[in-house]
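All chains are identified by letter, namely A, B, C and D, in their written order; residue positions are counted from 1 within each chain.
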Amino acid sequence: MRKEKDLLGEKLVPKEVYYGIQTVRAIENFPISGQKLREELIIALGQVKRASAIANRKLGLLSEDLANPIITACDEVIAGKLTSQFLVDPIQGGAGTSINMNANEVIANRAIQLCGEKLGDYSYISPNTHVNMSQSTNDVFPTAIRIATMKMSEGLLQSISKLIKELRKKAKEFDHVIKVARTHLQDAVPIRLGQEFASYQHLIERDRNRIKMSLRHLLKINMGATATGTGLNTPIEYREIVLNELKAYSGLKFELASDLVDATQNIDTLAELSGALKIMAVDLSKIANDLRLLSSGPRAGLNEINLPSVQPGSSIMPGKVNPVIPEVVNQVSFQVIGNDTTITMALEAGQLELNVMEPIVAHNLFESIDMLRNVIEVFAEKAIAGVTANEKLCEKYLKESLGLITAVNPYLGYEKTSDLAKEVISTNKTVSQALVDNNIVSEEDIHKLLSPYELTKGGLIGEEIFNEQKN
Amino acid sequence: MRKEKDLLGEKLVPKEVYYGIQTVRAIENFPISGQKLREELIIALGQVKRASAIANRKLGLLSEDLANPIITACDEVIAGKLTSQFLVDPIQGGAGTSINMNANEVIANRAIQLCGEKLGDYSYISPNTHVNMSQSTNDVFPTAIRIATMKMSEGLLQSISKLIKELRKKAKEFDHVIKVARTHLQDAVPIRLGQEFASYQHLIERDRNRIKMSLRHLLKINMGATATGTGLNTPIEYREIVLNELKAYSGLKFELASDLVDATQNIDTLAELSGALKIMAVDLSKIANDLRLLSSGPRAGLNEINLPSVQPGSSIMPGKVNPVIPEVVNQVSFQVIGNDTTITMALEAGQLELNVMEPIVAHNLFESIDMLRNVIEVFAEKAIAGVTANEKLCEKYLKESLGLITAVNPYLGYEKTSDLAKEVISTNKTVSQALVDNNIVSEEDIHKLLSPYELTKGGLIGEEIFNEQKN
Amino acid sequence: MRKEKDLLGEKLVPKEVYYGIQTVRAIENFPISGQKLREELIIALGQVKRASAIANRKLGLLSEDLANPIITACDEVIAGKLTSQFLVDPIQGGAGTSINMNANEVIANRAIQLCGEKLGDYSYISPNTHVNMSQSTNDVFPTAIRIATMKMSEGLLQSISKLIKELRKKAKEFDHVIKVARTHLQDAVPIRLGQEFASYQHLIERDRNRIKMSLRHLLKINMGATATGTGLNTPIEYREIVLNELKAYSGLKFELASDLVDATQNIDTLAELSGALKIMAVDLSKIANDLRLLSSGPRAGLNEINLPSVQPGSSIMPGKVNPVIPEVVNQVSFQVIGNDTTITMALEAGQLELNVMEPIVAHNLFESIDMLRNVIEVFAEKAIAGVTANEKLCEKYLKESLGLITAVNPYLGYEKTSDLAKEVISTNKTVSQALVDNNIVSEEDIHKLLSPYELTKGGLIGEEIFNEQKN
Amino acid sequence: MRKEKDLLGEKLVPKEVYYGIQTVRAIENFPISGQKLREELIIALGQVKRASAIANRKLGLLSEDLANPIITACDEVIAGKLTSQFLVDPIQGGAGTSINMNANEVIANRAIQLCGEKLGDYSYISPNTHVNMSQSTNDVFPTAIRIATMKMSEGLLQSISKLIKELRKKAKEFDHVIKVARTHLQDAVPIRLGQEFASYQHLIERDRNRIKMSLRHLLKINMGATATGTGLNTPIEYREIVLNELKAYSGLKFELASDLVDATQNIDTLAELSGALKIMAVDLSKIANDLRLLSSGPRAGLNEINLPSVQPGSSIMPGKVNPVIPEVVNQVSFQVIGNDTTITMALEAGQLELNVMEPIVAHNLFESIDMLRNVIEVFAEKAIAGVTANEKLCEKYLKESLGLITAVNPYLGYEKTSDLAKEVISTNKTVSQALVDNNIVSEEDIHKLLSPYELTKGGLIGEEIFNEQKN
């Protein structure tokens, strides 16, 4: 063990580790979730620290002797070589100070080692004075959250695109499958299964747009803001340099926030992204609910579609297969909705110059992005891509459906059609039969009038027939 | 108009009204919801003021000359005669001060009038000095909320009892209706429709217990606590007198909170009741969902039960009838869940000696109780009471159901039964047929084995049959 | 009373009213909230019905004889003359069918009356056949919600602009007021009160942008979709005509949704607006919290700013004035957050071709918009506009503040500065004193170094001083 | 690799592992959270399987030859020896089937191995037929959740007791520290710091009661219910035997649910516990907020109390120490609130005979219990236990406080006292001074009247003084 010292006194630190006294304190103070920091966040911290060291070197604040090993250490963080040294719990007090200090200490000690000096000898390279130079947790952590979020969202957007592609395929594949639409779970007018899948596709496309829009709003960073956005202790020119460095390195179109005080205290754009994710989650849940309903049965349910069988469904009922993929979509949806509540509470708890609840916000946002990505991937591949239609049954339902009577409503009027509907119900006839039996439409015309495909295309289908009748 | 004066200066008040300057200010300050205070809250305020005046009279703090007209005015408030004078918005800043002052002013002015003095002449009877004597908003308002809540909950509990009664009736009525149970919306083993309704009944009974338990916790009041629970400015004996007066008058078993500081700053028991209401709301929503699902169709849905028709369902599709009562149950459920979120936020916002967010808590709690009472009444009468079963269809589904195969699982083992299940699916046979065709069960025994009613009663149905086979 | 008849049978309707049998049924079925429909929604329904009648007339579906009185009746609905006839509860089952039918019946009967016929004689003009011609609840109601939302949002946006204006004024007015910034509620580095208000302004500007963006997404309507988006029973050309009519009449840039099936079943854009309102609500709550904190005291609090006194604060503590306006802002914020939960639940409950929970969504969305508008107006006028600063106290806090020591951190390094900070704390000195006493900065330079205004402008303030020292 | 086979076909399984084909499928199907099952849940599964095997043996359903190795394997699961074999993601579709099958397969294979047979040779001991005998996921999983919850809650209750103990200590320690109470963050009447901590203590005691009550409701289990609560395929006597076995083994007072259908489909009692945890979380957050506020400063804040310093607070501001422990309490609180939202959504999604969303419910409930336990431990030890009071400052605030004027309100009346309050404010005097200067109370009596300790004990402090004056 080696001894380290800070404002509050001395502490022992394991001899060979790169982290230091403040990390040790944080580990003791926050044994909360038992989880690790996201790899993407650690990498993002490495990028921020790297860009900052380069800027400080350029500004003459940090000599080459110190800057270069710091930059090398940052490169190693980015390459994932020092990930095991990041040990603070993602849920922590202090607005991310412990995360920032964990990074500062790891980078400092690795840089010290690269220089051939002794781990923990901060007189050579100091985590605060040198690695954290021109920075504060309050600009480093929000910026790192944004970088990590952008990175993680790439995977999410890919999953979403895959889902959209599969939905589009099914929309085409099922374009000819005509079935009964249901409103209020009650039989309504004809629709095509393809129209249903196209509708899902367009919904998810809007969800994607909302997420993309929110991500664009996240591109404003506050490097150079330091503690409260006033930029104290950091040269004004630093902002531009570090920004450009980050943009070049990440390939992301970051901008400097126009009001750094605002950008340092407010995290509404993180909540905005969470809100966009929440709506997507809810929409996914709606689609999952629909699929579970349409595939219910196989014999005592709707059974209009089949989901791919991915595992036996019951430990006691042999032969049973359950819609487990849509079910897990529902559950992830509920998690993302709950996470948004957490983020909302945290957003409300911001006070004055800082929102100290950022760690829980980042933790929940990362979880939402990650789980959504995972579940959408599975949803697209293991459910949507393999959906098949039971066309015959769809057709049967449609023929028997009461909703077909709607087609004569414009010609007979609502009141007369209602009376006819009553008869259809009480006599248990089909609508076709009843129309013919009542001499409303001739046997010849009935197929024209109730042509299922035509009925799904809109317009006044029976106009010609009834106009002729009138004449 | 008459002129009145307070700490902040003068204001004009309509000449003939009973409310005064502070009510006028509150009306100007809080044009928020446009809604009125709940009648039950106004009555509760009347009860609190009345009990307090009696206690003050008994303690010699308030002379008969002043106490008696104040008490008469309170009686009028309780009788609803002065309700039109309560004009502050239920959503307001100030932890209920404006509600309390509205009551103080109305009672003072009515008492002044009863004494033949001029409205607004507070030198005679003062809203603060006399009507509010020994009180603070911080004990009056929480106590009035509790009284109003208890009162409103009586109606809710009656509705719940009605619902339970209707569910119990249906549980009996449908005890012989055997149908397929569904897990994951997939066909499972047989169950009786009566068992399903009994299950709803027991669920709602637990909900009722939770609500009753929470109501019991609400019986602790903090009269005599004054501003912060220390009881400053109020004789210690006052507490007991006012408590007894309130108990006698309301018939409710109120107790004095053992820690008045705690009781003045914390409103966790209100949140507890909201939580109990929320769970009941969610459970109602689950039942409503089930009923909508089971009554789906009529021809392209499950159609196992029929809900009473209460209104035509579509402006365009004649003959369509929708499950509008369960649908409104769902919607009220969502409102109550949302209200609980609001109350949770408000609970968290309590600071130090007071939770100033009590008005929004009361507003949402009252709304939840009231809407639940209304919707449960409608649900019991217009939906549950009139549910009928389509027994033949239930029977048909069951016969066709794959889930019946579960009955041979204990004897054939899961693996063999799975193979058999596969065959049933691929050949589109019934389970009965397949068992007979495969010589697993004799034609004679099959009815014993798959006797639907027996299968819903549990146990090893086929034991005898298969034991004989073994021997 | 007059007798009317529908699918389910006969009912008595009060003789002179314009509404009819389906409204009567709905009143009986949904005694839920006791509230009225929003005036803006009724007007929007009038607009939709009017545009539709014009389109039907143009298409030759509705003769002039029928179309003209219908249009006149619609004009009266829009003018508010028939508002008293809209009696269905805003919370109702049936996806808005009862609201639509209430409108259909009122317009039909008024048109019938205009033609000199008898109220209730639907053989002349039928609510369904004629007033609802080419329409379904499922396109009428979503469209009316959007029109009403756009209209109500105008008022909200005006309030927001007022708030932004007041914040901007204060940002300028307080630009010279230097004070201590606080992070974690702990003393941090200097900031200007003006910077704090500018930060609020920029936050609210982002909120406004989010709301505007969401409103733009609401401009897509689905008129012509009829029951499920397939457009059955309505000529394809109707869509364009009715759209143009609505655009011309309302002045709003509506577009036809590109996928009507999707547009009929999904209400994600309503949830998106609710989400934008929620974030604004949370941000307002944060600002309200800050103001309550900064104005705490007057003697045992921070007391850096004064809020205008708008009403006496206590019924028992004379002289006390409370921050009631920010407090009501908090409470409305909690309501809007809760309403968003309700809307989220309702969004998730959409099934297949329709989200039948639209009524509760509309109810909550309207309430959120309305309450936010009201409270922001009050917040701007009665709180923000009148904030004053206690400059002397701000200055005093700053001088005593430990945070000033940060200014020497870049020159002494974090470790040495920490030791110095310890000394400052233990000796109860000011930072200035300690720096001078320790010969770190000369008495002459100390004012340059710790010039409060300079410190709020960012950069390396002490560079010159310490560079000189080094040389 | 070894080959295994199920209903859906064959799969390769790593040769030496105890889990089997269904676990492999689940791993592929649910790559969602990347987290592991809670150890307590795995142990609980072991207990359930063990009790079941014993019952099956006793009933003669399972021979000793098979039962004994199964029981031994269960013992190893309970001892944690097979934990590494539980690899399914806690978030999964299928209502826990994959968790149950993971357990069945691990136990079966370990039992097979104990018998000297080959892993995967289920003809010897089958996961479904033998290990899962008399069971279904739908009784096993809910029961295991309850056992794990009870176990985890023990630790939570211990933490809570520790917190209560520390709060009680502080209530005593600070019983003499008199300070200004604050309502609306504005100076109110005197209170003792000890009263504030006692109030926290009593609040947390109520929270504990709510949690205990909810845990009692969780003691009802549904073993023997099998798939849907009808108990098909399991001897009726099994229920009692397995119940008693579980009670004896766990020491917990489990009971058999009186309606097994209800108990199998409804998880309201899990939501009830989540609700109780939520209210405790909110209450903790309120206390954390208070402590952060009271310890704000050190120089530009309230600074009435000191929290222990547990880590340096800033990477840029040397000497700054932040209230990180209360901050992490807030954040965990927000997580628990969010988790309750997730659980609420999942509760609402139950359908017919089963709530398939149980995995996400268990996952969130476990997280809430675990995080609360961890953070309460830290809160008690690292924050509450070390709080110290700045008595002098408390006293100073109190003396200067305007709230003292309340003490003369009963004698002068509200209106006169208000005028006096105005004077105190405008002249910047203390209340004492003003009372003496205005000859309201003599210099001699003022100390009696405004004796801070007396003022915190309630009652009419000045009665004697003012009565004498009157006489």
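Everything below uses one rule, namely that contacts are C-beta pairs under 8 Å (C-beta built on N, C-alpha and C of every residue); 3 or more make two chains touch, one makes a residue touch a chain.
Predicted, not measured: the structure shown is a model, and the values here were computed from it.
When chain centres are defined as mean Cα coordinates, A lies farthest from subunit B. Ranking A-B and A-D by contacting C-beta pairs places A-D first.
Averaged C-alpha coordinates give centres for subunit B and subunit D that are 25 Å from one another.
Averaged Cα coordinates give subunit A a centre that lies 28 Å from the centre of subunit D.
For the pair subunit A and subunit B, the distance between C-alpha centroids works out to 34 Å. In subunit C, the residues that reach two or more other chains under the touch definition are 6-7, 94-95, 128, 132, 182-185, 188-189, 226-227, 233, 293, 312-314, 316-319, 321-324, 327, 333, 337, 341, 345, 348, 356, 406, 409, 414, 418, 421-422. For subunit C in complex with subunit B, the touching residues are 6-8, 22, 25-26, 29-34, 91-95, 97-98, 100-101, 104, 128, 132, 135-137, 140, 226-227, 233, 309-319, 321-335, 337-343, 345-346, 349, 356-357, 359-360, 364, 367, 370-371, 374-375, 378, 382. Those residues of subunit D whose C-beta lies close enough to touch subunit B in the complex are 6-7, 61, 94-95, 122, 126-129, 132-133, 138, 181-185, 188-191, 195-196, 198-199, 202-203, 206-207, 210, 213, 217, 224, 226-236, 258-259, 261-262, 265-266, 268-269, 271-272, 275-276, 278-279, 282-283, 285-286, 289-290, 293-294, 333, 337, 341, 344, 347-348, 350-354, 356, 406-407, 409-410, 413-415, 418, 421-422, 455-461. Taken together, the subunit C residues at the contact with subunit D in this complex read 180, 182-189, 292-293, 295-302, 312-314, 316-324, 327, 341, 345, 348, 397-398, 400-403, 405-406, 409, 414, 417-418, 420-422, 424-425.
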